[in-house]
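Each of the two complexes below includes subunit A, the first together with subunit B, the second together with subunit C.
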Partner chain A sequence: MNSEAGEGARPRRTIDVVNASLKRRYAKERRFRRLGATAVALGLAFVVLLFADIILKGYTAFQQTYIQIPVSFPAEAIDPEGTRDPEVIGDANYMAFIREGLRGLFPEVTQRRDKRQLKGLISVGAAQLVRERVLADPSLIGSTQALWILADDDIDMLVKGHIDRHAPEGARRVSDQVIGWVDRLEAQGRVAKRFNTIFFTHGTSREPELAGIAGALMGSFYTLLLTLILSFPIGVGAAIYLEEFAPKNRWTDLIEVNINNLAAVPSIVFGLLGLAVFIGFFGVPRSTPLVAALVLTLMTLPTVIISSRAALKSVPPSIREAALGVGASPLQTQLHHVLPLAMPGMLTGTILGMAQALGETAPLLMIGMIAFIVDIPGGFTDSATVLPVQIFLWADSPERGFVERTSAAIIVLLAFLFVMNLAAVLLRRRFERRW
Partner chain B sequence: MKKTMIAAAVSLAAATVSAQAMARDTINIVGSSTVFPFSTAVAETFGRTTDFNTPKVESTGSGGGLKLFCAGVGVDHPDITNASRRMKSSEFDKCQEAGVKEITEVKVGFDGISIANAKTSGQYDLTLRDIFLALAKDIPDGEGGYMPNPNKTWNDVNPDYPETKIEVLGPPPTSGTRDAFAELAMEGGCKTFPEIKALKKEDKKKYKAICHGIREDGAYVEAGENDNLIVQKLAANPAALGIFGFSFLDQNSDKVQGSKIQGIEPTYDSIADGSYPVSRSLYFYVKNAHVGTIPGIEEYVEEFTSDKAWGPDGYLADKGLISLPDTDRKAVAEAASSLTPMSKPE
Partner chain C sequence: MSTMAEVIEPTAGTISAADLASSQHSRATVGDVTVADPRMTCRGVDVWYGAKQAIKGVSLDIGKHEVVSMIGPSGCGKSTFLRCLNRMNDTIDGCRVTGSIKLDDVDIYDAGLDPVPLRAQVGMVFQKPNPFPKSIYENIAYGPRIHGLTNNKAELDDLVETSLRKAGLWEEVKDRLDQPGTGLSGGQQQRLCIARTIAVSPEVILMDEPCSALDPIATAIIEELIDELREHYSIAIVTHSMQQAARVSQRTAYFHLGDLIEVGETNDIFTNPKHKLTEDYITGRFG
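Moving on to the complex of A and B:
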């Protein structure tokens, strides 16, 4: 480049310049590669750390401590007339039978205070579970059964080792006496950890041992189902119209820009909108999957429209031309030829939008989903909460037992997201056509 | 096939909406996140032991709850709201304007705010003045003016304390716990300076700014609304102190210890008898117009005000609620069961 540099010296050939800088350029590339590899490794390390932390904290929640207690069901107390009428059977005081059995295991406990502590070994919900069992099988009445009774959350935490036994007595939730009892029961083989079915079959509860995610799961299911029913047809319809039929003018440009902008709007804004429009104006009931689905539809629509348009764009024009050439109407061209070819791409985009909606909490804060709802929702207008909100609520509960349950709920949510993303990948692999 | 399925689903949704709009057979409760754990415990027991549905309890914060509550009468509006403070007179007026005329006020108990640190380090014995000097944004400079808080370590605040950096994890300004902390602890300490106390009469706004202003130079760390997180961070960092509700201290007594305030330990008894200085009252409000329309409201109130729930040995005490004294409890329960409407608060 500089002609004066070569004055008097040996003329420098281009290859010399290249050779001189070669080493530096290789080093630069190596550095860049190394940086890239470090970034990937760092990213993976964070993911592994996150997963390991959640799984290590949460896996114990899939097991629950039970205590085996011989419970007798005296016929004269439950069903004196022998009618086997469910109403009569259901009215009996099952807690009393369980406590009777528990006292039988510890005959030396006579003090009132100690009796209270002994009662604390078992969950307050145990009676309900036993009641259901007797209602399902009335032949138990009159017999004595060695039943596995749900333990209280403090006992559960103790058995799982989440309570420090060596801390001074005043500094932990369970007293020395209770630890002694639990150790004695364990030595007799009366304490066992069994698979926590309650976690998957019950709604939430204030008692960790009775809390389950079924309510939140069903809430998420109804919300997502309705979101899909609403956002898929609307999104695909909008995409087809904009991509294939709409004239290109200032209006459609404006619409396109707005759709792209909507995809970047913070989700809480959709929540505020939902509160003002759906609840305030249309009077849709609060805290229901219906209103949640309406809000999430607004949120996922841009994603669905953008991905659907991309899928339509990737269908080569020759397909359309061929169809039109053999005499198909524009609508037939779309429905018979373009849409089937674009469908896998549209579905992938929709599933990713759904996965985003599944994990969304912020817009639901505004429409009353942060609620304590015990009953499992049975429809679109029953009060419900969704998985991420349930996680938020449990993470905020003071009881020790909710720590592991929070992590367990996160595992379930992650599993769902994983399945949905896997479905998106598989759909793409299975049906995608390349030209 | 697909089309008919979609059509069926849509019409099903429409049908259930219209059914819902006509009536409601579940009690709707909104309000404070501090009362939420107690309200949900009562709701769950109520649902389990009676034939009524389990009430729906939303955590909206005290102010948000009262706003929803005072929006009007009818199935679209909540029946009960929880509050970690008394209803303000302005809120009462809003209720009246919207036609929510008769409201029953039920005081349910107390909540203590604890200032705690990890068990592995020493227990603090703080005065309210120390808390103010450690956490206020501006403190008196001794010459009638104010200066940005220069205290870096607890030793600067009071020579009796160790040479530990001031690091306090606490709730953000949106939290009711923070409001109560500012009002009870900060203002309590602030009032011990005669010149600030005099200021209250002259310039109320400035008084409030000085007494409620919490420093933003890193000594006070806003740790989010999640009290569990604060407990975990305290266990990991023995030098730090944390501010959270008594129920979290109670549940985590193997990890953290509450500091004494004015020489008083935060215990159930000291909060109940009022000697622990940083405690506040909790309330819920019932819309009388809904009693009889929405099934179960009277029974829910009865469950909440029964001794097996809010008594000193009740299940709410287990969740961290601190009971009212016996005589008060009886009087409040009677007023609640007869649904005596409240008068306008000052």
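Moving on to the complex of A and C:
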């Protein structure tokens, strides 16, 4: 390294020293680049693996098996008086009609045990779906229709190939006899996979074929809406006060440190807090979007405040000076000049906070969102569940039908998160630094 | 610190001992700090940033229809002093101002005085052009609008035009008033900022190195503008360029390490400085 001139050896020029070390320096750089590229590749590989797994498992849930059965609606059984009174029509035993039609397809089935197996081909919820159909169109009464009837989840799994036909009969959920029936129906063209509207229009259910995410989606929607309404004004207000108006002293330092710490508090702690304070002390009804939003507001507030403060900090002080210099009051300076410039950054932070809230599960388990709720919530104080908790519940269910529904629900959740993050990125791009 | 700071010249001028009572550590100012017809009078102004004193007992008058330039090496406190004159220093944490600064015989640091109307009376042009990221029209109209200076749109339009004309910018921008002010060139932006300041009809305009970010041509235009503005306003300008001070100002104040060393007619200061520090600075021995 050190080339002392005049020590006998000829003095080395700087350029020689530089050239000598150049190769080593470049090798180091190449190593570093390779390391970085490997890290990125590994990360990407895991993401691809995750997405591939979820999508491969979940995409089949967007289709649902239906069986075409000729169902007759005898007028004397449904509406003997001919009043077309919805209550009378609704009281009829539609399951009996469906079973009748099914038995018509398999006249050879006479044994009581076999009859029960035959009945198992269709979903227990099929009668309700048919009832709704007749109520919507009473002219069906007295006619015979070839209706597509919702199949049971075991049949659905069999048709989708999720049940191994070569396994010993006792080890699978459908018997050889049922497989024979389904094959026969398929040969007749009476089995079809159609788009699974139930998944998007129904609440959850014990039966996979009747389970949907509409309830969880609405729950998430109400929760997020209220979280946004609460956390955005509070967070932005706190950020503006702390950044622009608060005196810089020990107290504001303490507050700042605490806000940063709150952002790192495990979310389950917020759940416990919500349970103790909101439900225990204030008596907010449990497992409602209201209490969930309160807890998630606590959780997202630090994120919103921190990002809003960063957005305010990034507005150049010269803008504030310009406004103050023409005699704007501090509040006018904020509202007319600083806030509009900081808003994109604040919105970006808020959207990211909302995305975090949308995916949050743990604290909601503590405040009763884990309850099994079939009804789709219609407001902030209805019992509800949210998407991630729904995923958690379904993942816990043993039926094979719930495996694909779990993945499908994850796909829906990820789609929402993706859209929200995209919105944040677009906002940032669109409004980036105009001064 | 430098040893030449020990060279203290005898006091000249007519400030009373009481005026200087609060600033024992300051060096006395050479030259007459007062003028016959002052707009602003500053007496014994001290400024602290926390524990550090940035301005030491400075007394200076700013007369009507005159341009006072403040020169001195970096960190000498000239900008700090300028920012005291419209209480812009209020926004800096830990900044404390004592002494008396009066605008038309009203103490602007009086506890009951609101800095917001003060800044409408004492406008400021900053070192870096800082137009609002809004249209040219909005840049000018903002001040009059928040102060309610005009009664209707036509009056506001007039005021915008007058202000832009006074700043010599009207002809260049009259066809694109709705375009963003940030899209103008540096010199145009600075004139836009001057027009914005004029629009609220201040009595005093403070300029903090208004040309330091501009090229020589834009600088020449602004200097010419400053000379025209003198007719209506009192102007205090901080500048790093001694040539600029010589060109635009009637009086010059030389600051050194928080002290106001010497004040006088600009011609006298540049041709016949009395204080050694002033002479050294002007002749380029340091600074």
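A few comments on the model shown:
Criterion: the second predicted complex is superposed on the first by the 423 of 435 C-alpha atoms of A that agree within 3 Å, B and C clash if a C-alpha of one lies under 4 Å from a C-alpha of the other, contacts with A are read in each partner's own complex, and residues count from 1 in each chain.
Basically, a contact is a pair of C-beta atoms (placed from the backbone, for glycine too) under 8 Å apart; a residue touches a chain by one contact, two chains touch by 3 or more.
Given the structure is predicted, the values throughout are model-derived calculations rather than measurements.
Superposition of the two complexes onto subunit A shows subunit B and subunit C fitting side by side, with no clash. In the superposition on chain A, A:341 makes contact with subunit C only, not with subunit B. By the touch criterion defined above, A:194 lies against neither subunit B nor subunit C after alignment on the C-alpha atoms of chain A. Between the C-alpha centres of subunit B and subunit C, as seen from that of subunit A in the superposed arrangement, lies an angle of 130 degrees, given as a multiple of 10. Of the two partner chains placed around the shared chain by superposition, subunit B is the only one that A:398 touches, whereas subunit C remains out of contact. In the superposition on chain A, A:25 makes contact with neither subunit B nor subunit C. After overlaying the two complexes on the shared chain, residue contacts for A:322 are found with subunit C alone; subunit B is out of touch. Once chain A of one complex is fitted onto chain A of the other, the partner contacts of A:313 are absent, as it touches neither subunit B nor subunit C. Of the two partner chains, neither subunit B nor subunit C is touched by A:84.
Closest contact between subunit B and subunit C, by C-alpha atoms in the overlaid model: 23 Å.
Overlap of the subunit B and subunit C interfaces on subunit A comprises no residues. Residues 6, 9-10, 12-13, 16-17, 19-21, 26, 33, 36-37, 39-41, 43-44, 47-48, 53-54, 56-60, 76, 119, 225-228, 245, 247-248, 250-254, 315, 319-320 of subunit B are the ones that touch subunit A when the two sit in their complex. Chain contact summary for the complex, subunit C toward subunit A: residues 86, 88, 91, 93, 116-120, 123-126, 128, 130-133, 142-143, 146-147, 180, 182, 193, 196-197, 199-200. Across the interface of their complex, subunit C is touched by residues 247-248, 316, 318-329, 332, 336-337, 341, 434-435 of subunit A.
Across the complex, subunit B is touched by residues 124-125, 128, 163-164, 167, 170-173, 205-207, 225-226, 229, 233, 283-288, 290, 368, 370-375, 379-381, 383, 393, 395-400, 403 of subunit A.
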